[in-house]
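My questions will all concern the structure given below.
Think of it as A, B, C and D in the order they're written, each chain with its own count starting at 1.
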Amino acid sequence: MSAGSATLLISCPDQRGLVAAVTQFIFQHNGNILHLDQHVDQQAAVFFMRVEWDLTGFGIARADIPTAFGLTVGNRFKMDWTLRFSDETPRMALFVSKQSHCLYDILSRWQAGEWQVAIPLIVSNHESLKPVADSFGIPFHHFAISADTKAEQERAQIDLLKAHKVEFVVLARYMQILTGQFIGAFPNRIINIHHSFLPAFAGAKPYHAAHARGVKLIGATSHYVTADLDAGPIIAQDVIPVNHKDSVSDLVRKGQDIEKLVLAQAVWHHLQNRVLVYNNKTVVFQ
Amino acid sequence: MSAGSATLLISCPDQRGLVAAVTQFIFQHNGNILHLDQHVDQQAAVFFMRVEWDLTGFGIARADIPTAFGLTVGNRFKMDWTLRFSDETPRMALFVSKQSHCLYDILSRWQAGEWQVAIPLIVSNHESLKPVADSFGIPFHHFAISADTKAEQERAQIDLLKAHKVEFVVLARYMQILTGQFIGAFPNRIINIHHSFLPAFAGAKPYHAAHARGVKLIGATSHYVTADLDAGPIIAQDVIPVNHKDSVSDLVRKGQDIEKLVLAQAVWHHLQNRVLVYNNKTVVFQ
Amino acid sequence: MSAGSATLLISCPDQRGLVAAVTQFIFQHNGNILHLDQHVDQQAAVFFMRVEWDLTGFGIARADIPTAFGLTVGNRFKMDWTLRFSDETPRMALFVSKQSHCLYDILSRWQAGEWQVAIPLIVSNHESLKPVADSFGIPFHHFAISADTKAEQERAQIDLLKAHKVEFVVLARYMQILTGQFIGAFPNRIINIHHSFLPAFAGAKPYHAAHARGVKLIGATSHYVTADLDAGPIIAQDVIPVNHKDSVSDLVRKGQDIEKLVLAQAVWHHLQNRVLVYNNKTVVFQ
Amino acid sequence: MSAGSATLLISCPDQRGLVAAVTQFIFQHNGNILHLDQHVDQQAAVFFMRVEWDLTGFGIARADIPTAFGLTVGNRFKMDWTLRFSDETPRMALFVSKQSHCLYDILSRWQAGEWQVAIPLIVSNHESLKPVADSFGIPFHHFAISADTKAEQERAQIDLLKAHKVEFVVLARYMQILTGQFIGAFPNRIINIHHSFLPAFAGAKPYHAAHARGVKLIGATSHYVTADLDAGPIIAQDVIPVNHKDSVSDLVRKGQDIEKLVLAQAVWHHLQNRVLVYNNKTVVFQ
């Protein structure tokens, strides 16, 4: 039986000896590195690293690794670090409104086993996608939202997510702007898909704006949600060509194809513990 | 010997019978249609058409086609139209500053015969690219430009271009903002390349802005120059992926590859008489 | 109430006057052309055309258009032509095996109303995807297939499709090679998705072959099925980048994203009556 | 003054402790790692690594690094390794025939300082591109080649390249098949551009073959030359869309744009010491 692997995601002030210290730690305890990637932002003098190693024969019990790493390496270099094990299954909540294309795309990946993730619940401000949730056997929670009830409903949503031990949230074309209250409960843990190549066409009706401007490409951008609308750290982006024959509804149709792919790509990176956020930007280790 | 072909570019208020009238005109005079494309902007109720036909055996003398077409078709339908012959060689001026990548790309296409175009002169606000112009045997004109001299220098440039019968201008990374005076002398006849996927990052230093925002794609946009900076009708756009490892100078290096391709694509469409402008957008017949 | 539109797809030997004749026919009977595209293969001297016109106020009853067009235009120019009306809903059968990604992608488009198509049945050589068919309310037919039973089962499939008035078949990762018997029953009416950029890596296990060769792009190709395996007329193709870090299973995962998009693109073109086949190639009017 | 950086490219049988050993070596001698990437081919159990470190304050004199690294790390782990310094300028020969697009693309990058490379000479089997070489001030050597003279001319070419201390060769649309004699003189040191997405359309006239097959994408592939024609390790590939309107000459024109970009990308990777070859495939560290 495989002992699985462990993945460390690290950021800290840059200095000599960081890679040596981390890899020495792994080697001393008989770990075999599977993947290692690092990056130094020379301007900001910040060091980033992702390392994954095979736990077979590793000399430290799984539960003791955090303490051991923190004491011998992490603290010494003032590292921010997180440790994940490959056999842990992260818990994700899906938020949707009325459009189903991203929802189906995500659920079919989950059902086929493409993604190792648990989806304990789907949340929506409309009831129309409940049958989809039902067909995949996932509990569906409807929260009607108005300007008056938003704060209260968000509190209820947060409670619900906490009760289900949800670790991160995917907004799969959820057409509500989240308040700081909700965003603060899941910092850099809410992944949105916006239907434009940000920073162009932030805000409402980007396809209308793209059509009016006469662009020859339309895009989709997946990013972590921050207090600034459509201005959070970008995880993934893609575009497709359009031309003068395309009406706004053609842009909507064509755009949905990249919306679902770009969102899936961002969630995949997140699930693989490949994303670090700093300076409102991301490091995405490939 | 081939008699060559003629190309009509037409726009007019939409109504029934437009294609029939134009194609009937060509057929009656024994023309053979090589390419025909049309488009109706249903919202604006505007009709656009490009038709190219073989002149072999055509029943109207070349010089008489405009009158004949205008009298029997053009006027009847209130058409805006232009007529070009395949054996006419359009005359293009290149404006450059210090960067050579677009200049070399264009000149090597011209030299290899990829484009049927005459380049009677190259204009620059710096002297550094004169040797490139020399090596291709194209006269190079230096116009030093300051805030004080710009208006005067532009007038001299316009005179020079008119004297050389220049029909359109390509700004191949020309780092000066043209005034309305110059733009008005070549309406929808000045093609610029901007190093971002417009409308994102208009104005100065787009690669710096893209780097600061942390986008995962950078772009290039070729457009006709209008009075609004970087806001004219878009002819062509493209993007390439970037990642967290790319510094601003990496973005510059990578971006130059799409700058030159996107600009070349736009010039190619223009040379092929494929571009119609309306509503600050383009119809580009493929 | 809209009277809808009619679309003619035409091919014939090239000669003067073809576009004029067709558009004159439409204009004389008071039709308004919405889209027109034509193409001449100069080498083969074959003419291709697609024209769609608004039937509002059209002077010929819908049922009489074929006769009228045939008598006055079609026969005269020896045209092969088909006529479709925008309010007719084509009938499509889906063939699947065990992989669900293309199936979900197609069904979610259908359910969302993105495609105007009827799906009277889903056919499979395995039972595993029956629950998916059930959740979308589409009858699922299982045909176990062995070398011994294939001919007989195909006959039963053909009968079933004919009974359901199926017009075309989509092989959504159907892992059986069809015999000439089945292909002959739906000539240029069976759309397959092959998981490589054909003609590279035709046949079995293309991702393994791509991995062994060390390509930097993997592709997907949608084509009409002919007697030659993976050699039919190509409708759509796309690729995505891969690198040395990708194992075969990474290629499979990444490739599925373009498999479903490329197949959807091909079906969309087919549904829009945009595809003409000749010389084992396609004309796809955009 | 910057001391520059050193880059190690390493491959060896996989085992525990490899990254730790290399990074420990660098750290012990006071090197600061700028970039590190590694890869393990799990199937083949081969380890690959690229590490670049800042030499400022490094404790070993530049000339002594090879011995020091070999003795303490390289030999112990049976590593194949190469060491490069950032201020060394590699020496590249260009081989061309009659087409100039790749030649201009490369020379303009070199002239603009985009690439740190020396180009001591250009070799051709035709004289037509001599003026281009002249305009960039690079010696041009003409070797007329026939079946009878090829072996002899290749020997003369090899002598010439050796005399100029050429380290690697770029075939910038050189339309001659090299013999094993020449290839053997520069193993994995000859970069070719082939005008198709290999393995499709290897050999002569790939655009004709692509047109005949009716593909919807055409490609370009840059690879190291081996004894098997167009079958060497692939470094970079790209494609662009084509359609039924494109004649063979359109494919040639469109294809040249990706030929030059893909070749430039491959040369860039090579110049950056990012490419390792094994098993007729490449690891390209990004």
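The working rule: a residue touches a chain if its C-beta (ideal position, glycine included) is under 8 Å from a C-beta of that chain, and two chains touch if they have at least 3 such contacts.
The structure displayed is predicted, hence computed values, not measured ones.
Two chain pairs, C-D and A-C, are weighed by contacting C-beta pairs, with C-D ahead. Ranking every chain by how far its Cα centroid lies from the centroid of chain D, the top place goes to C. Centre-to-centre separation of chain A and chain C, using mean CA positions: 36 Å. The geometric centre of chain C is 42 Å away from that of chain D, both derived from CA atoms. Residue positions of chain D with contacts to 2 or more other chains are 35, 39, 42, 243, 245, 286. Contact residues on chain B toward chain C in their complex (touch as defined above): 15-20, 23-24, 26-27, 30-40, 42, 286. Chain C meets chain D in the complex at residues 39, 41-43, 48, 197-201, 213-217, 219, 233-239, 243-245, 247, 279-284, 286. Against chain A, in their complex, chain C makes its touches with residues 35, 99-101, 104-105, 108-109, 111-112, 114, 135, 243, 245, 253, 256-257, 261, 264, 286.
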